[in-house]
Amino acid sequence: MDWSALQVSLSLGLGTIAVLLPFGIWLGRLLAVREFRGKLLVEALVTVPLVLPPTVLGFYLLVTFGARSPLGEAFTAFAGQSLAFSFQGLLLASAIANIPFVVQPIQRGFEAIPSDVREAAACCGLTPWQRFWQIELPLAWPGILTAAILAFAHTLGEFGVVLMVGGSIPGETRTLSVAIYDRMQAFDDRGAGIMAAALLAIAITALILTTALSRRAVPRRG
Amino acid sequence: MVYDALVTCLATVGFRLLAAATDGYRVVLSRAELDAGDRHPMRPLLWRNFRWLVTLLLLVVSAIGVEAQRPPIVAAASDLQFALDSVARRFTADTGERVELVFGSSGTLTRQVVEGAPFELFLSADESYVEKLSAAGLTRDSGVLYAVGRIVIFAPRGSPLAVDDQLAGLGRLLSSGGVKRFAIANPEHAPYGRAAEAALRARNLWQPLQPALVLGENISQAAQFAVAGDAAGGILAYSLVLAPALRDRGTFALLPESLHPPLRQRMVLLKRAGATTERFYQYLRQPAARETLRQFGFAVPPQ
Amino acid sequence: MADRSISVRLHQASPIPLDLDFTCAPGDVLAIFGPSGSGKTTILRSIAGLHRPAQGVVRSGAQTWTDTSAGVFAPPHQRAVGFVFQEYALFPHLTAAGNVMTALGHRPRAERRVRAEQLLAQVHLSSHADRRPAELSGGERQRVAVARALAREPAVLLLDEPFAAVDRDVRRRLQDEIDGLRQTIDVPMILVTHDFDDVVRLATHLLILEKGRAVAWGTLEELTSRPDLPWVRTAVGLGSVFDAVVGRSLPSRGLVELNIGGATLLASDRTLASGTAVRVRIPAREVILANRPPEGISLHNTLAGVVTEVHADAAFEHVIVQLAVGEIQLLAEVTRDAVATLGIASGLPIHALIKSVSIDVVHSHAT
């Protein structure tokens, strides 16, 4: 069991959720509550990482932010590390890859709030900001929790993007899934097997949690 | 620095949002559960503080990701998978210092160095990749020759392939149509793949073998394919089949050097090499390490 | 004291056509009555700031909430509006007290819990303060919604079909609650309903809406005495509604006297006490017209009056006759034949005959 790989995987998973949640909540709520021109386009764009092969995403990230491009140099100045082969770069790649997993469940969560409950909150004298924190956020929690769990589980399983953007730098970008790949090439079936079992256990736990949560989601009407 | 600050801010906001969202979780706890207290798995008292516990826990775990000191990273061609591992362990036993090993095909590793990978030492399976890096100004010097590699033809147990040093058995099996899959490393970026191609061409087996050819991303992956279910076999690195992991998995025959250009393996210190790596570099040229390399089938050039 | 009436003027063509202009004074209950789709809820939403009309002005006392010509539009949280939604729209994750406290943001934090409990006591829900909406019945939820609306200390109370979702017995009690509220709080109340029973029980004023247009607006007495208003006629039937005070009670005969603007009616009721304020509805169909007062008849009520209007509508089979009896106006629905036979025309002295059984006495049980 490669503990540093496990830690990289966990950090990447948690980091992705942490970084994506504010953006996901903002966008998910916007898509749920408002109608605007171009909304369909935005929803389609959000779905793109879902259907994009990970290597394509990795390729474009490297081309855009690679060490030799101007954006890449800006990134290095900003992040202190080049995008490729750094945890920061991996975080960026993972965040982009997980956008649909975060935005869509959150959007459903906010859509499930009946509009008259939202209006009642306004009529109670709550400013839009207060409405968001006191009423909408607690009522949208199934969507938010689902988004967090899905993004975490998906990040743990990410392989193509990690390999392309991160390489397999131990302690930095060698996640559990990449470590399994490495162990296989070293003919260490046992080591690979242990880590694969760990990933499987995490994935199943995530599924159980998500299912349990959606079962217990009560009707949003009071 | 700014990036880390930004990420930390975002992370804090993200977890705070998650905590606020879990406020709503109260609505799924029925009155009975809220009143039950002890009997319920989530005690209300614990639950009140649960959100903060979770937030704290998550922040702590994320923070662990910031590691202070890490051992230097040595990139090596995949044929050194077992040999270098052995040398590195002896190095640690002898000096108390550690290096991290990353394996891959020489071509891929070279590309990664060009893209800024944080390697400190690069052991290629040939010389051209080292020359390329040196010309690009990414190395300390032009490096040294540390070993000469050999290739073998390998047949896993149960395969109909008869191994011999002239590839006659392969030729026979091919003509009878009994070769379903044959593994080599990808000649595009693996020196051992190039050597395999040369050997096959020398025996006029390259064209006929095309339909059955399976290309491994590096020589280790080629070895994996070679031992897999219905592969007839493959052309692998001598150093790999000598390792315990592969030794008893099938039969092999060493192929004469006349069949392919020599696998002159060069290593070079990269620009960011530190003291530990320099010591490891020197260690590799000393008798103990050289002896290990010989045990793994490498020919070691005189000092 | 500044006038705290609410004045509303709305005009738009889409999404729902609206064209109306009305005011409602503190203490009055304006019922907006009309068929579904006539725009009733849109009016409430425009007052609350949930809908921005194409053209319109909404003023509460001296404050202008909406003025499209001046580009003024205050969002709902800046309007002192108490809105009771049709399905109550309670916050499911908060208790009843929590729901009420949400609207108490304008009070200091320390006072909120106490004030919430006071409000819940006012709607007779003190014991349920810590229950969640899911644990409350429909009638209880409605009362929490009302308490929450009142917590805002609103300048106007808006109720959107408040009794639509409850059954008849609960509805009676809730109507009494709202009626009782009217006497204690001094704000205009605007009530949207398609049930005329609500109108009869609660309203002081009535606005009749058809396809977004205000067909009639005035006090309940005035409007129910009008012989036209075809939609009301088809939907609920015409009949005058007016306030009355109980005079003498005659329990041995099972009757009470009702004093109505100079006239005295006998209604069949044993339970009313003298001096009680009640509301009376006399359906037009129950009024018989006669040239002479009859004799030897079971009728208890024979009122002398004068015909003020004869309304014959080609769309309807029968004719509506409006007659003045003392200070009130009654409506009688009769056949054309009857009109011809009796020679009924404006100015003709006439007698109205009403069975005591036909008089619908509505009294509130609010204390």
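We call the chains A, B and C, going by the order they appear; numbering starts again at 1 in every chain.
The rule is short, and it goes like this: a contact is a pair of C-beta atoms (placed from the backbone, for glycine too) under 8 Å apart; a residue touches a chain by one contact, two chains touch by 3 or more.
Bear in mind that the values here come from a model prediction, so they are computed numbers and not experimental data.
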Most remote chain, CA-based centroid, reference being subunit A:
C
From the Cα centroids, identify the chain that ends up most central relative to all protein Cα atoms.
A
Based only on mean CA positions, could you tell me how far subunit B sits from subunit C in angstrom?
82
How many angstrom lie between the centres of subunit A and subunit C, each centre taken as the mean Cα position?
55
Find the geometric centre of each of subunit A and subunit B from their Cα atoms only, then give the gap between the two centres in Å, rounded to an integer.
27
Indicate the residues of subunit C shared as contacts by at least two other chains.
92-93, 132, 134
Out of subunit A, which residues touch more than one other chain, so two or more?
138-139, 218
Can you pull out the residues of subunit B that are in contact with at least two other chains?
23-24, 27
For the complex, which residues does subunit B have touching subunit A?
1-4, 7, 10-15, 17-18, 20-25, 27-28, 58, 61-62, 64-65, 67, 70, 73, 78, 81-82, 85, 100, 102-104, 112, 115-118, 218, 220-221, 223-224, 243, 245-246
Residues of subunit A that touch subunit B when the two form their complex:
7-8, 10-11, 14-15, 17-22, 25, 62, 66-68, 78-80, 82, 84-85, 87-88, 91, 133, 137-141, 144-145, 148, 167-172, 182, 184-188, 216-218
Going by the contact rule set out above, which residues of subunit C touch subunit A in the complex?
48-50, 75-77, 81-83, 85-93, 99, 102-103, 105-106, 132-134, 141, 148-149, 151-152
If you look only at subunit A, which of its residues touch subunit C in the complex?
114, 116-117, 119-128, 130-131, 134-135, 138-139, 218-222
